[in-house]
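Before I ask anything, let me first share the structure, which is written out below as structure tokens.
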Amino acid sequence: MTKKLFDYQVDEPVEGFFLLKDAEVRIAKNGKKFLAINFQDTSGEISGKFWDASDQDVESFQAGRVIHLKGKRENYQGNPQIKIFQMRLTHDGEPKEVQQFVEHAPMNTGAMEEELNSFVFEITEPNWNRIVRHLLTQYHDAFFSYPAAKKNHHAFAGGLAFHTLSILRLAKAVADEYPHVNRALLYAGAILHDMGKTIEMSGPVATTYTLAGNLVGHIVLIDEQIVKACQQLKIDDQAEAVLVLRHMILAHHGLLEYGSPVRPHVMEAEILHDLDELDASIMMMQTSIAHAEPGTYTERIFAMDGRNFYRPEHDGTKAADPKES
Amino acid sequence: MTKKLFDYQVDEPVEGFFLLKDAEVRIAKNGKKFLAINFQDTSGEISGKFWDASDQDVESFQAGRVIHLKGKRENYQGNPQIKIFQMRLTHDGEPKEVQQFVEHAPMNTGAMEEELNSFVFEITEPNWNRIVRHLLTQYHDAFFSYPAAKKNHHAFAGGLAFHTLSILRLAKAVADEYPHVNRALLYAGAILHDMGKTIEMSGPVATTYTLAGNLVGHIVLIDEQIVKACQQLKIDDQAEAVLVLRHMILAHHGLLEYGSPVRPHVMEAEILHDLDELDASIMMMQTSIAHAEPGTYTERIFAMDGRNFYRPEHDGTKAADPKES
Amino acid sequence: MTKKLFDYQVDEPVEGFFLLKDAEVRIAKNGKKFLAINFQDTSGEISGKFWDASDQDVESFQAGRVIHLKGKRENYQGNPQIKIFQMRLTHDGEPKEVQQFVEHAPMNTGAMEEELNSFVFEITEPNWNRIVRHLLTQYHDAFFSYPAAKKNHHAFAGGLAFHTLSILRLAKAVADEYPHVNRALLYAGAILHDMGKTIEMSGPVATTYTLAGNLVGHIVLIDEQIVKACQQLKIDDQAEAVLVLRHMILAHHGLLEYGSPVRPHVMEAEILHDLDELDASIMMMQTSIAHAEPGTYTERIFAMDGRNFYRPEHDGTKAADPKES
Amino acid sequence: MTKKLFDYQVDEPVEGFFLLKDAEVRIAKNGKKFLAINFQDTSGEISGKFWDASDQDVESFQAGRVIHLKGKRENYQGNPQIKIFQMRLTHDGEPKEVQQFVEHAPMNTGAMEEELNSFVFEITEPNWNRIVRHLLTQYHDAFFSYPAAKKNHHAFAGGLAFHTLSILRLAKAVADEYPHVNRALLYAGAILHDMGKTIEMSGPVATTYTLAGNLVGHIVLIDEQIVKACQQLKIDDQAEAVLVLRHMILAHHGLLEYGSPVRPHVMEAEILHDLDELDASIMMMQTSIAHAEPGTYTERIFAMDGRNFYRPEHDGTKAADPKES
Amino acid sequence: MTKKLFDYQVDEPVEGFFLLKDAEVRIAKNGKKFLAINFQDTSGEISGKFWDASDQDVESFQAGRVIHLKGKRENYQGNPQIKIFQMRLTHDGEPKEVQQFVEHAPMNTGAMEEELNSFVFEITEPNWNRIVRHLLTQYHDAFFSYPAAKKNHHAFAGGLAFHTLSILRLAKAVADEYPHVNRALLYAGAILHDMGKTIEMSGPVATTYTLAGNLVGHIVLIDEQIVKACQQLKIDDQAEAVLVLRHMILAHHGLLEYGSPVRPHVMEAEILHDLDELDASIMMMQTSIAHAEPGTYTERIFAMDGRNFYRPEHDGTKAADPKES
Amino acid sequence: MTKKLFDYQVDEPVEGFFLLKDAEVRIAKNGKKFLAINFQDTSGEISGKFWDASDQDVESFQAGRVIHLKGKRENYQGNPQIKIFQMRLTHDGEPKEVQQFVEHAPMNTGAMEEELNSFVFEITEPNWNRIVRHLLTQYHDAFFSYPAAKKNHHAFAGGLAFHTLSILRLAKAVADEYPHVNRALLYAGAILHDMGKTIEMSGPVATTYTLAGNLVGHIVLIDEQIVKACQQLKIDDQAEAVLVLRHMILAHHGLLEYGSPVRPHVMEAEILHDLDELDASIMMMQTSIAHAEPGTYTERIFAMDGRNFYRPEHDGTKAADPKES
């Protein structure tokens, strides 16, 4: 089986096919050009520098292309990096498909869609149900292919839908435990809460923010689509049920300083915010811990106040060493 | 000429017609009902307590009614109040019209509308112009009659339009001084920035917040109306000009913690925010200073970090006393 | 069936047996003594004032006694209160048992203990299991009878155990959803996290903070008991498994400013903190919403940044009114 | 006409005369010296590195000298820079005058002085007028030649006087709009507010902070000069008019955390603070936007919370693209 | 010996002569006037209310007068208060002197002056020594009679000088321990640091803030006196020694948000700030603890973030109870 | 006498024996390895880079070894550094002892122990005395050899004991000045406050944080040792005296956000916190000032909010230049 980027040990020679996720041209201190590269496969990304790049190298090695690499895995100030010995574009018959090298959600689209529909089925308030179905149809392709964020958590193809599903599952547990929670409202809000990211971001790969994303933001962008959906579905957009649903989305960042124009003032809005943060946090921690050795600390996670996390040496299925033995 | 509320000195007997702005029923420590009243005329408001209120008193003395009062102006812990001797509803032939007792903008509606139109005329970008005219028509009556806020600044009938005009005049001075400022954009944003308050608030008198106001907020409420206006006017709501205009409104609170979902990232949006704050601050200071004697401090202004302001004894048109004289 | 305190409408006469939860002697403005009382039954608490209290009244009406009350339910500035007409101690044959009037966890102790044990059973790491069993035994009675807090959330008899159980159920959902989560660690931490409150607080009724609670705090108080348990069980308290378990408790307030001496640096500690906040928030919202009418707002909840919450008029099982109909 | 620094495109050869604004000697990674240079002309500044500098190069290429440069304009991580091919000091007959290469206020000194005097003329309070004239005379040369700041806004020769004038023009607009504003006080405060920078900074070129600037600060430095002026002019420095004027200067940073020892407690002091910030912000945004292409974002502006600003592609004098066309 | 205010127990009858520290006229809920009084003697202050005050009572019982009181010591919500039975002005031959009832520094003026001079003697830098002597002479009477603050710490006659002395003694300990500390600079700064309070406050009794105090503040007020002193003593006020001394005073609040226009950037300025806070804190804690019973908590101290402090039951000269005994 | 690292001037050749405090292997931009070194002797540390390191160099030049260096002292962006010409391990007969090159506390261990014991002698409360002696014995060696911190203040061998002693001396001055301070409690708390650092840190040299240090922290680590000591000494750990002593240690960081689980609520705990900060600040300032020339600023001190400090040119034993001369 082919070795993945993160299978190589420090100082081990690396040889194989990888995707150029980024390949930025820069000027070195000696005045020559070099390429600052991120190599990617489904195990993650590692950076490397291609020194003394000729104009032809710059032309060939562009982001989004698949290359064949010979090099060595090294460590630079605690972070993994690739020392490049040789690099070339792939030939005919060699891997070319970007999709092979890109990380995906751990479920396929069909399975995600099916599970999502089972939740839609439980949105018993008819107008919420119609709005959700309308927008799921309208943004179908982007919703199931976009990442949930440019970086940080769920930054992989299908991440947006997968993040939504995880929240729905937690929402189910909460609605089962606390009988006064309005399950239909919580599900409807969960499905729509981040859908505006399909307008805010440019696409599933090489993602950037759109002008609408920068000047309006994903929270307001999807809110306006709910209003438009109401017009098309002939639903009164000043009805309490619609205002409450919109509030779910508008308030889901929890705090004004995180970009919500209103704080949660409906119980289910507060819960949606909490579950959104919980799922995002766990995904970031799990990803970092997977790259750390047992008995060591992860790198610092920027979006969690720069904290690092300890991965215990023992997973607790074996006893800690008793004092006396 | 009739004496106004603020014309009476401390301990002077008060007699005249006033509006009951608020008249809240409460239970006194002795178990009897009393009315916590705010008397109002065009000079401002002063509170008073009507003790031992019978059921008929409660029925008669409701907010929004005009009464005849005999009492005395007093001072309670630094704040003016009315001690009530006698109070009755007005008879036929006596004043009844609420409008006579309510504070108004210092210009009449016609003059405000005319001046506003002269600014609209300078919005040279055609789609901004059409959107502004469309919404000015749609919200015409509320826009020219609502206050700009429930309390704090411009809390009087017509205050919203007057606040808008003041900002436009300052905007003109700024656009004259700084040639790179986009005058049309600044004017269009200024006119629309607070128009959502006509949806957020219940009306010009006895103002409360609507459910939409609480759950969505005036910033997003008017943003959605811009989107709807684009649909009706067949303007592409993803065009740069529309996104930039919406950004003007969305960003005008300046900071996320003040309820804007995005911070200003367009020069004119930053300027609009600054002028909005400048006009509101000056109005609050002017109002407070008008109620303070020269050589004393105003009450603390909550919306200005609780600061009080010193009203100098001398207005500077006379010389300060020279040392030697 | 007997009417409960919260069954009475405003202005309805009240007659029945209630517990005096608090009965504080104060001096009225007229120089006479009065009692500031909180009446309690299982539906909640309402305050009232007993004016002109004689020395004998003060002697009779002490906190913790059951009385017979004739009065009226009123409203004082938005809060319910009781106007007292007549009050006397109960006679023989009338209710006397404090337990009848005190709010309880919605499960009985036996059921809670049984469910808790099923979670202990899944703590597969032997030393965690022994420490948890040891401390559950040591603090058994207090753990199942104390509230989780003096006020705010779960402020009822058995609240501490019930809060712990709710977190455990959420923890199960999380461990089921995220396979890398260490279930045993999460369960062990959840069970111990608030057990120090049995030392910090004086008891299940008329709860105050102990000196140890004020000077040391419940987080460190239970941490030291873990250390002592290790000594008795001959477990090395410097072993990784013990340090990680102690970290779960020490870090569970999440932020240093909330009193944790360390922030979470182990994934399960972060999750425990999140679930603790989630359960506390939902309980506070549910309690407040239960006391608010549909279509109105709750009182402001101090521990949730003073926010109030809207209780929708329609629960969403019926459709919102469609625009056209 | 000679090409300016910012006229060159990326990768275009550069040849011409420029001022060395900074030329700092550093040690390269290879142990050799190099010069970190800022080239300047009236269009702005661009950095470049002179590698392998000999002792004679270090001696020749000092800050403040004019040189002849052959090089190429490049881009390094989003910022413009110059790659140096050849550099020499200028010969006889070639440009030598520093003044030709330094950015200036957009008005000449005479015009600025004349306009400033017209504002002084409106300071009708005699002692304010005398103090202002006294200090304008005392600091005349520095006031009209210094920048308003080392970097950020108005960092050019004459910037201090120009910034003062801009504030005065805005102050005129405010005093015209709000009749209760004390025009004389506002003008006097505006003229003096930053005059202490002539003591805080070392001079108009190669500006550094003086010891007095670091240990006392420009706010207190000019305050003490007002006190000294009063002594010389035999004005009582405890008179209300003097205290209020000093307060204008002391409070003009608005917040204690920005270095004002008191917050504004006089209306005109609050307005001066607001106008000072408004002018500084607009100047920073205008400068950055002038260097950004239409349809792109400026660099992040440190003094505006690190925000970048979008320069719209269309200036709004042409219509946005209508949906249907 | 005469009993002092704080010698009376709760519910004990009070009879004696006291000073009316404050006597504010207010309107009771029943519409009649009453006096809100603070009684004072050298043991502290306790409040009381004089109900149904006639116009003659208001005329007689003014702040600053000595009265004879019959009443009872009570407790109102945890704070001591006096219930007034009878009150009259003093007759001839009875105590009249305000000084007898006012709290004083625990040393007399002569002793404080003598000890202060011994510190001045160690200011070996001649200009610092001359400036300090000059200002000590200029403000002599106020310096030795004013309190250090209106309330909070050292709010008694002579408090300013006593606070200064306490800091000097701590400064001596620091200078003895850390040999690199400049003793002369630290002493000079300590003596001058709060001298501006003699200009900021109206006087030693019934203290209010002056206009100069509100608009300029004590830090800048004394700084300007140092500058004036330099002029009279013909010392260059731009010399390093003077700038450093002024920096000591300007920076002594430590943080900009506490009103220092510059933060400490000289070691002795940082130390002065720390000792100033240390002495103020200890004085506030000592005063509060003196009023609390052993084994209880003090009231909350506003200026120490609202914390209360525990006064241990045992002072530690006896053993804590051993476990086994 | 041998020249020390900080005795060399910029550009002066350096030759001598030094300790390699750190020697980290890194990859240069050219792909070759280099060593990032910190040279150390008793005058401090200076960094340098050893380029093109062979595998043997990496093997030889490890942290903790003594080497012979030929190089030059340079300046890199304001910080001193060593340019390395030649470097070799020491031969027989040349210095090898790490102890010769490491900074030490300015007192020897014996003297520190003796002085410390004199303070222990004044802890008159018997249980505090027993606990202090018990733990001083238990941690004797580490307590007298560890630094007080990895970096920042007292980061030298014996620093922990020396820091403790400095606080004790200041504590003596405070207890002498303020008679209500409990001297025994203050001394006991001072001695124990940082003792947990002997568990938190790995050792006196090449110090890292232990797992217990990261997951539990030195404050709780020593608190648990007090509890264990009580068990061994048969002292009731719930007695007031023990709770108060534990509170001294738990609260000594002063603020929750600095890691104390409780804020100081006992007077002596507040004082201990203040003295701890005072001593740490003075040590940091003294160390930085010793490395700055008179008339210049120190580097910025991270732990003091990044402030730099001015070292005056004149120490004040000579007069500042008088104006007239």
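Each chain carries a letter (A, B, C, D, E and F) given by its place in the written order, and its residues are counted from 1.
Quick note on the criterion: a contact is a pair of C-beta atoms (placed from the backbone, for glycine too) under 8 Å apart; a residue touches a chain by one contact, two chains touch by 3 or more.
By chain, with names taken from UniProt: A, B, C, D, E, F = 3'-5' exonuclease [Lactobacillus sp.].
Because the structure is predicted, anything quoted here is derived from the model rather than measured.
A.B. asks: Listed by label, which chains are in contact with chain E and with chain F?
C.D. replies: C, D
A.B. asks: Which contact partners do chain C and chain D have in common?
C.D. replies: Both chain C and chain D are touched by A, B, E, F, going by the contact rule given at the top.
A.B. asks: On C-alpha atoms alone, could you tell me the rotation angle mapping chain B onto chain C? Nearest 5 degrees is fine.
C.D. replies: Best-fit rotation on C-alpha atoms: 120 degrees.
A.B. asks: Report the chain whose mean Cα position is at the greatest distance from that of chain F.
C.D. replies: The chain lying farthest from chain F is B.
A.B. asks: Calculate how many whole Å lie between the centre of chain A and the centre of chain C, each centre taken as the average of the chain's C-alpha atoms.
C.D. replies: 38
A.B. asks: Roughly how far is chain D from chain E, going centre to centre by Cα mean, in whole Å?
C.D. replies: Computed from C-alpha means, the inter-chain centre distance equals 45 Å.
A.B. asks: Could you work out how far the Cα centre of chain B sits from that of chain F, in whole Å?
C.D. replies: So the centre of chain B lies 60 Å away from the centre of chain F.
A.B. asks: Give the residues of chain B that touch two or more other chains, as numbers and ranges in rising order.
C.D. replies: 29, 211, 214-215, 240, 244, 265-266, 310
A.B. asks: Write out all the pairs of touching chains, ordered by chain label.
C.D. replies: Those chain pairs which touch are A-B, A-C, A-D, A-F, B-C, B-D, B-E, C-E, C-F, D-E, D-F, E-F.
A.B. asks: Considering only the defined contacts, which chain C positions touch chain B in the complex?
C.D. replies: That would be residues 28-29, 49, 51, 74-77, 81, 83, 310 of chain C.
A.B. asks: Which of the residues in chain E come into contact with chain B in the complex?
C.D. replies: Where chain E meets chain B, its residues are 26-27, 29-31, 211, 214-215.
A.B. asks: Write out the stretch or stretches of chain B touching chain D in their complex.
C.D. replies: Answer in residue numbers: 124-128, 166, 169-170, 173-174, 177-178, 180-182, 184-185, 230, 234-236, 239-242, 244, 263-267, 270-271, 274-275, 277-278, 281-282, 285-286, 289-290, 297, 304-305, 307-310, 312-324.
A.B. asks: Can you tell me which positions in chain A touch chain B when the two form their complex?
C.D. replies: Result: residues 211-212, 214-217, 219-220, 223-224, 227-228, 231, 237-238, 240, 243-244, 246-247, 250, 256-262, 265-266 of chain A touch chain B.
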